[in-house]
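Both complexes below contain chain A, partnered by chain B and then by chain C.
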Partner chain A sequence: MSPYRETADVAIPELAGLQRRFLLIGAAGAVVSLLGAFLNLTQFLQSYLMAYMLCLGVTLGSLALGMVHQLSGGAWGVVLRRPIGAATRVLPVMTLLFLPIALGMHRLYSWTNADLIAHDELLQHKHLYLNTPFFLVRAAIYFLVWNTITYFLNAWSLEQDRNPDPRIARRMQHLSAGGLLGYGLMITFASFDWLMSLEPHWFSTMYGVLIMGGQGLSAMAFLIATVVWLSRRPPLDRIVATSHFHDLGNLMLAFVMLWAYFSFSQYLIIWAGNLPLEIGWYLHRSHTSWRLVAVGLIVFHFAVPFVLLLSRAVKREPSLIVKVAAWILIVRVVDLFWLIAPEFHQTGISVSWLDVVLPLTLGSIWLGCFVWQLRGRPILPVHDPEFEETLGPIIERGAPPRPSHG
Partner chain B sequence: MAKPSAIYGLMAEFDEPTTLVAATQHAHREGYRCMDAYSPFPIEELHEALGAHHTRLPLIVLIGGLCGCIGGYGLQDWASAMAYPINVGGKPLHSWPAFIPITFECTILAAALSAVLGMLALNGLPMPYHPVFNVPRFALASRNRFFLCIEARDPKFDVEGTRRFLETMHPREVSTVAG
Partner chain C sequence: MNNVADHVKDDARHDHRGAGAPGLDEDPLHAVVGTGKPPVIAPGHTFSTVTDKISAIVLTRKTSLGWYAGFGFSFLLTLMLFASVSYLFVKGIGIWGNNVPVGWAFEITNFVWWIGIGHAGTLISAILLLLKQTWRTSINRFAEAMTLFAVACAGLFPAIHTGRPWLDYWLLPYPNTMGVWPQFRSPIMWDVFAVSTYATVSALFWYIGLIPDLATLRDRSQSKTGSVLYGMLAMGWRGSAHHWHRYETAYLLLAGIATPLVVSVHTVVSLDFSIAILPGWHATIFPPYFVAGAIYSGFAMVLTLAIPIRAVYGLEDFITMRHLQNMAKVMLVTGLIVVYGYMIEAFMAWYSADKFEVFVPYNRMTGPYAPFYWLLLFCNAVVPQTLWFKRIRNSTIALFIIAIIVNIGMWLERFIIVVTSLHRDFMPSAWGRYAPTFWDWSTYVGTIGLFVALLFLFVRFLPMISIFEMRTILPEAKVDEDLRVI
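And now, the complex of A and B:
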């Protein structure tokens, strides 16, 4: 079992080069993006918010999936645990990367404008919640909660690598139960603060779970892509079996449906209520050229992945499911674009080059940090309480039957 | 194909699931196709070892689901836009967003029903008589024994030859299944 006890750095030597390459692309992108910030700071911040929410979504979605697996168990999660851990350990970097949003909030959020509040009674009432100091304090609380959960889960996971004491696993389960609740509450308020308040008059109680479902989907797609990459080289090529991809594909299908369910429910509730205060958000998204993006999301964010993931053959073939996962990450960006950009360009579709450069830049920096974190620990959690049961027989038997080999 | 119908097949009994899978794979390599394996619990590899053939069930479920989808939507459209055109909240008579939840429910209902009924139609259950129960020890298939039965209708089947072949895999016992 030795290759699974070595750190990933030793077992998979190409990770070091990969990390360097991602960080180089990220650095180059950062230079170009900063140029964009000088040319048009407001546009830079909009695109930055979109890119930031994507990367944060993969980070926090991984944290949530990791906690769900602590509570539910299952072979799907045992092979994901280390990529999940590495993704959550990017959270401190994401905390730092929130700074541009905090510093530029006066250009993003119209409720920070005192003149506007003076002429708007509704915003005066909302001022108790939507004001700059409280916004910053809340952000600090969110990051404190998420970072605390991440820190302890990862520290205990490291302890578990050295010490097979089952009490460590119990401790992680207890934290995960409370942690999921904490994550859910914090992301609900964070999505209200950072995204929903872009249009300060509008509100939707569905918004928090809509963002949460999106984060779960982004994380699932990213983790599937990672596991496919890992399964193509030693040591995981002998471990990750077709049935794992099948399970992960089913979970991704569930998240695609969950996203569609939340998105549609929000629309249905507002459409049925038909109240002037609520429908505005949908009006400029459905009566201008933004309508194309809305229809595009229904087709490409729901229908296409849904039909593809129904197929057993797609879910069991790593080279196909990785394409679906990559596609989902792309439409996730479009979904965030649809949530953010129409607030700034109410008359119709407007795409800036920064909407492309910033997701690539932040994504590369994120990936660089992810690979860096992945390198430091063994690629499989050998003392996971389910390790023997789920992976033991595969390890004993040697190479699992993989259709691609025969 | 003109085999005496008195024999349904030959059945080998194994102690371990792994030996059953190995024996099934071996039999499949030897060219046997009309066979079935019996185990007290599902064994994933067994499905492929038997030369998993694709069933028509997914297609039946898909068609059922589509019928439910179209039927559910059509029923609501007919009821609210044609049969009883009542103005509700000033909304158009044909208000598709309101139809989606029930359309979805009908899709699931019809797909689930066609899965259950289609499964029963394809596998022939409930089946009051099956020859494998003529072997008294077969009752152990629901406890701790694993069985591989090669059926007489297989073109490669030959009472002596197949028995010799099964014996090479060291089963506990090879029994003749009366038809």
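And now, the complex of A and C:
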């Protein structure tokens, strides 16, 4: 056990500086964004919602991937467990950061407008669900469920570090099974509430699944970038092997395909049906200058990463796969932008400087918290039930040298 | 090379006796000792016992009376299918219960049910192979056979439901003197491509996987006819390094081709409904929800078949509790996705605020077909929740009963989707009812007969478990890391 322990406990000296830098950028960004809020509060909230959904996506996507790994096992997840844990522990901060959306909901969601409801039969029917108090109660329930799962998984993971009792692993598995159900149900309704109801007449049964797929993809891309960064420094430079990147690359490829599958299915069915209640959503997004973004998403969110990730060479070369991962995080923002912004600018593309500043600001704050959490615990879960089997031999022998990129 | 192999073999045998010996953590026998999971192959087997045990079922075991009885009965049902279809061709589809407004009923329900069942075979053989799940090895062969027979039963329904099956080639796009082309925007057209591709790839995949085992049967067959027939089917397989190299490449390529089919086929089937604007059919969640449903029903069918087969032929060593438990878990997960689909569909129907949409779940829950709807929820949503408990997953009888209930539930699901959406659509004056006739039932039951009869033949004449792949998961087949250097 002891060589593992020593390896796991190695501190990574760069992290402290990184945390400070991210938090400083975040603080500076927050000042600039607040200025933006005074200039144009509505625009601020729209951009904020987009940035928030991106950061929440990485957080919850990591939570979901962590729970999937608890149930499925696999070497890919053992090296990810600590970054996943750190990402999920940002959730309390994300909970606080929901406040601007809750406070500003009357500017974001047209169904809160009583005058509009008075003249709209459909909205009167939906009022039972789409009303301010119930919206807030639901949000509270979502965060309660997510935070509870996160809290216990992380607490038990810490306990597992001290105590190799296999019962702890089993307890985590049981929670993960129920936790995945909880995550799935909550994020489905959260996506209806926070995103779909921006256009209160529109509905799509696929929407929750689509958002879940996007969160999984964002988290996967972020985690791959993190592992590449960590693998360049001790102690993980001797441990993370080429095959790990290969597996992670394949998982990211699977998520790219899932996203495309969900998006295309939804589009095809609504396009073919061409029903007045449904098609409007796509008309704003594809028959105005927003079409440019839509086509861009097909090419850059699907085709380009898909082709790149098919290549074995790309998946096995950390310096290449990290570029694909970073690219995916950028197109994830564009995808969220395309889901949200056309609702407020139905005639054509409109980009505000806040659409750039807010993702950077929230992203930096999120990263600062993530690095802070990552520093708090050993970088490897030495008592993971699969640890000895998957990483033990590598630690004892050292990772096989990675083929240099040729 | 040979020396090393022998050395390893001895070494492995040696370790093998002392279960849980260190240094063999990766092999399936030992990996399980610590985790308390049952093994994927019972301890004590060697290359020759595996080969003997599986090939004996085909070559030397006396064909039992039970086999004759089972095959005979299912063959009678197959004859009933032939009779029903013949009568259908003579009289036309008026002999079925279909009529306005329910123009699609049993035939499409059965088609979707059968094609869904096939999906488990493809998932097990292709996706689990690519995911390096060694436990798939002992169930993939007969799961693939199941796929093939299920697709055959499924393909029958669209072919006969046109009423003029001698004109079925009109479904294919070809330049003709009438200048008529199929409607390429119609998912029914896509179905033709999806299902025919699926049938082709499944057949190829299954056959190519069989070749090394057919050669084994050729070499071991006691009778002249047997060795000639198996020899022809084995296509000159000699087991040379060259052959194996080609074989591995072909098999992996086919697995790659079959993988998207697991998703695409049922996606296209779901589009048959969701592309239409009928409330109850037109829902964007349909593609992933149908795919999950297909895998769900497919695993239920694999369990339904595997549990009696392993008991009758004494294959508990190869199809272990581990396989049954894993399949139960897959059923639980896909079943929950299906339940998610039901829930979101019902919620969104209400949320849409469209009165026809709102009416659909209301009509399903309280209308003339309500008992079937509640039964469907009981079968698909309630009963499988018992699979959360380890004790249930450990009981073959419980698993068998649950699997059968899920088979029924998944059939009911398709029936509810098809019939309740059609029978009361927009105008109450155009509402109607559907009830199956004798011929609806005889055709459906007949396809079950055909399916079971084909399975009986398969079990009797072909190795139902892949012999050579089973050998690869034995400890003997594992090469020790340190010796590989040589």
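Throughout what follows, the second predicted complex is superposed on the first by the 392 of 406 C-alpha atoms of A that agree within 3 Å, B and C clash if a C-alpha of one lies under 4 Å from a C-alpha of the other, contacts with A are read in each partner's own complex, and residues count from 1 in each chain.
Quick note on the criterion: a contact is a pair of C-beta atoms (placed from the backbone, for glycine too) under 8 Å apart; a residue touches a chain by one contact, two chains touch by 3 or more.
Only a predicted model underlies this, so the values are computations on that prediction, with no experimental measurement involved.
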Query raised in the report: With chain A superposed, do chain B and chain C clash or fit?
Result: clash
Query raised in the report: A:Gln266 contacts which: chain B (first), chain C (second), both, neither?
Result: second
Query raised in the report: So, does A:Val304 touch the first partner chain B, the second partner chain C, both, or neither?
Result: neither
Report task. With the two complexes superposed on chain A, say which partner A:Leu277 touches: chain B (first), chain C (second), both, or neither. Result -> second
Query raised in the report: Which partner, chain B or chain C, touches the larger number of chain A residues?
Result: C
Query raised in the report: So, A:Leu122: does it touch chain B (first), chain C (second), both, or neither?
Result: second
**Report entry** Touched partner set for A:Ala75, first chain B, second chain C, both or neither
**Finding:** neither
Query - Which superposed partner A:Phe203 touches (first chain B, second chain C, both, neither) - result: second
Report task. Could you point to the stretch of chain C, among 39-47, 219-227 or 237-245, that collides with chain B in the superposition? Result -> 237-245
Requested in this report: Once the two structures are superposed, pull the chain A residues common to the chain B and chain C interfaces.
Outcome: 268, 272, 274
Report summary line: chain A partner, complex, touching residues on chain C are 25-26, 31, 35, 185, 263, 267, 271, 274-277, 282-288, 336, 340-341, 344-345, 348, 351-354, 388
Query raised in the report: So in the complex, which bits of chain A are touching chain C?
Result: 121-123, 125-126, 129, 177, 181, 184-185, 188, 192, 201, 203-209, 261-262, 265-266, 268-270, 272-275, 277, 385, 388-389
Report task. Sort out for me which residues of chain B touch chain A in the complex. Result -> 44-45, 48, 58, 89-91, 97-98, 100-101
Report task. Enumerate the contact residues on chain A facing chain B in the complex. Result -> 243, 264, 267-268, 271-272, 274, 312, 401
